[in-house]
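Each of the two complexes below includes chain A, the first together with chain B, the second together with chain C.
Here is the complex of A and B:
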């Protein structure tokens, strides 16, 4: 895509966001919602600019980011490893398939109370929850990608002298990269949601906690700041992942 | 020398019925011969090639290369597939270098050899392109170079020009013959085009429709190097074509 096309796409993409903010402003301006409960966007954004400079708020962001990264990274490593193993080894697949079928549809947030009791209120419970939730989309995407690798790619590599045990890393993994990265993208979005959710339920810090605390004390402006912050965090992380993706998949037709 | 002794291949269909794809095939291919396997679609001609490649184990019978039973793929037999099967994550140079690197050749030397091969197949200047950026004919040139790069004694070509337009196909046939004239590797070439088989081969193995059996082996006694424009006017060439097309019509009834 050329520069002009990217710019025009970006401008088009801004339209719904601008409309949303306009709607928000309209709700406040025309008195559909009391200003104390729904503050105008301008007020929220200026408060946010102020908060982003404060150390306390930065620490909340750091706590959330750390949990998000830790959980997402563990989920990626586990998901890719298990997905690949299941795709190439029928015995592993026989073990993994039933457990994935049972656990994948389970609302992982239901495990959170148990996690809190088991590992406490600190980072671990949030990281584990993020891991559980992000794991399945990555695992399933990896499994799907690795089990649909074109047979003739594998044959070509074997004929060139690649021993069977190296086929996994030299052919299957790179060939499955588009699927794996799609799984990671979904996993990342889920991670953003889940880390925030976990912090809202029970936490002593983090963006989710900041939101709940503000809501409980009717500080409407402070309630909206973490909300917008987490969506910006999501936007930035997704953008970074997209950069990694387009670099890694530069040879693939669909990327 | 390649010996195929009483090879039969049975596949299980999705309805769990046995389907006899190849029935009792015996064939000997001399070193340096260009042999085409010609038959209607579904006659198992590709399967026969895969058995020689070691990609598929025959249900009955055995294939031997230089007196040794074929038990798996090896760099002495290089495949070229209709689908190209290039590694999408590697550049043209990366694809061609894959084989030599797998053979333990040092990077610099592998690169030099590969660059020479890329030039030989007429793609100088495209070394850093990715397969997705190339036309079908160019992709197949890369695939041929990738296979030639690890110096197989036998080329196994599975309808390599089947996905190309008529003009590109003709050019690639000429280029393949030119390359073949230099070192006269053994070539096993699967095709459903009578003209292609006669133009290229020393020997054409005609197969019957399912189950695939050898119907006739026709020696093509035409002078080499072959020039397409000369051959088209040659009554002997025309006679081969007509003769084989007639057989083809008999065996391909209903197609």
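Here is the complex of A and C:
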């Protein structure tokens, strides 16, 4: 793909977004939607710029990001460890498989009331919820990636005299890396979604709380701002993960 | 045999762990597993709550079905045509990290608290993973098969339906499975935000009124719903794509 193709792709991709904003503007300008229900895009974006510069809003973002990162990191560490262990050890596999089978499809938001009652209304309950939700995609992707490592690779390493522990870190883990990173990507999007929802349910700060406050006072403009912010946060984090991915997978074909 | 009952054993193990934890913690707001299970008949026996569950499931089914019907063709088209892909990709990337249930307050302003807004939110929540997986699946279809199809005189539409769709089916169904869990999550959260009817309404009202055994009974019921739906879907999936089952049940051998 050359540079010009990328530029034209980008232009093509901008069309639906521009159309959407134009439709939004048109709905307001031609009076189909009252301004109180659907504020014009200009107003929303200027409000957003103003909010991004204010310290209170920055603190909301910081609170959300802290919970998101804490939950996501714990989920990544746990998911990769358990996934690898289940892939290489039959005993662990026998225990983990049925538990994951039961817990993975469980809607974790339903657990949130239990978490609230158990660990309170602070950071912990939200971080735990993010962890629970992001854990399973990462765990399953790790397990899948590690189980499908080519046996020949392992045999070659064994023939070269690598001890089993090192095979795990030098052969299985790198070979499973693309799959693990795909799992992380899904986990990251889920973390964004869940942290926001948890803050909407009960919180005193964070982007989700900002949305609920705006909704209770019928400030339509302020309802759009947190939503656009979380979308931007998701985009930026996804971009960062993409960078990490292309760095970690630099040896892989078409990664 | 052991394979079949393993998930049941896992459920039992989790319940026992819960029972022990609550006995050890002796917390008023953390009933034991037995108490929670005893509260289930009271919840299910109530006619009102059955109506609520029915309403929830109906919204979920409609939202899920509509999302699948629209997303699969869109995802397949994106996978096969670069123009379509670059047209929709940026828009989808912007929408993906936005928690769909968080749109509830805004959509409620426009469409009211009724079925329409909740079904719409579920629809949005389900469509993204389905589009994404259909897209990935269609992108990975082998060119040679398409060439053979074209050489045998299949039109572009026929190729899409008879070659791309079956070849991408395993990936599409993975997306549908994620979508199913997301539908349940979105259903609960949308009902939590618009407290009017549904399972989420019962759950969070019980939490607010401090009826903790009802809260935990509802968690069990909603969890069971997730597990049962997932198991049913898994059975359907296994039947549809038996030919592509990856054989990754064999643990890697090097230890």
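Observations on the model:
Here, the second predicted complex is superposed on the first by the 245 of 255 C-alpha atoms of A that agree within 3 Å, B and C clash if a C-alpha of one lies under 4 Å from a C-alpha of the other, contacts with A are read in each partner's own complex, and residues count from 1 in each chain.
The criterion applied here is as follows: a residue touches a chain if its C-beta (ideal position, glycine included) is under 8 Å from a C-beta of that chain, and two chains touch if they have at least 3 such contacts.
Given the structure is predicted, the values throughout are model-derived calculations rather than measurements.
Under the clash rule set out above, the superposition-derived model of chain A with chain B and chain C shows the two partners fitting side by side. By the touch criterion stated above, A:115 is placed in contact with neither chain B nor chain C.
Using CA centres, the angle subtended at chain A by chain B and chain C is 90 degrees, rounded to a multiple of 10. With both structures placed on the common chain, the touch criterion links A:251 to chain B but leaves chain C unconnected.
Residue contacts after overlaying the shared chain place A:75 against neither chain B nor chain C. Of the two partner chains placed by the overlay, chain B and chain C both lie in contact with A:158. In the superposed model, A:174 lies in contact with chain B only, and not with chain C.
Once the two complexes are overlaid on the shared chain, A:48 sits clear of chain B and of chain C alike. Which of chain B and chain C touches more residues of chain A is settled by the count: it is C. Once both structures are fitted on chain A, no C-alpha atom of chain B lies closer than 9 Å to one of chain C. The contact surfaces that chain B and chain C form on chain A in the two complexes overlap at residues 157-158. Against chain A, in their complex, chain C makes its touches with residues 6-7, 9-11, 13-14, 25, 27, 29-30, 82-83, 86-91, 93-103, 105-106, 109-110, 178, 180-181, 184-185, 188-189, 192-193, 203-204, 207, 212, 215-216, 218-219, 222-223, 226-227, 229-231, 246, 248-255. Residues 53, 55, 72-75, 77-79, 81, 83, 85, 87-91, 98-99, 102-103, 130-132, 146-147, 150, 152 of chain B are the ones touching chain A in the complex. Chain A makes touch with chain C in their complex at residues 9-10, 12-17, 20, 33, 37-38, 87-90, 93-94, 97-99, 101-111, 113-114, 116-118, 144, 146-149, 151, 154, 157-158, 164, 167, 172, 186, 189, 192-194, 196-197, 200-201, 208, 211-212, 214-215, 218, 220, 223-224, 226-227, 230-231, 233-235, 237-238. Chain A makes touch with chain B in their complex at residues 150, 152-153, 155-162, 171, 174-175, 177, 249-253.
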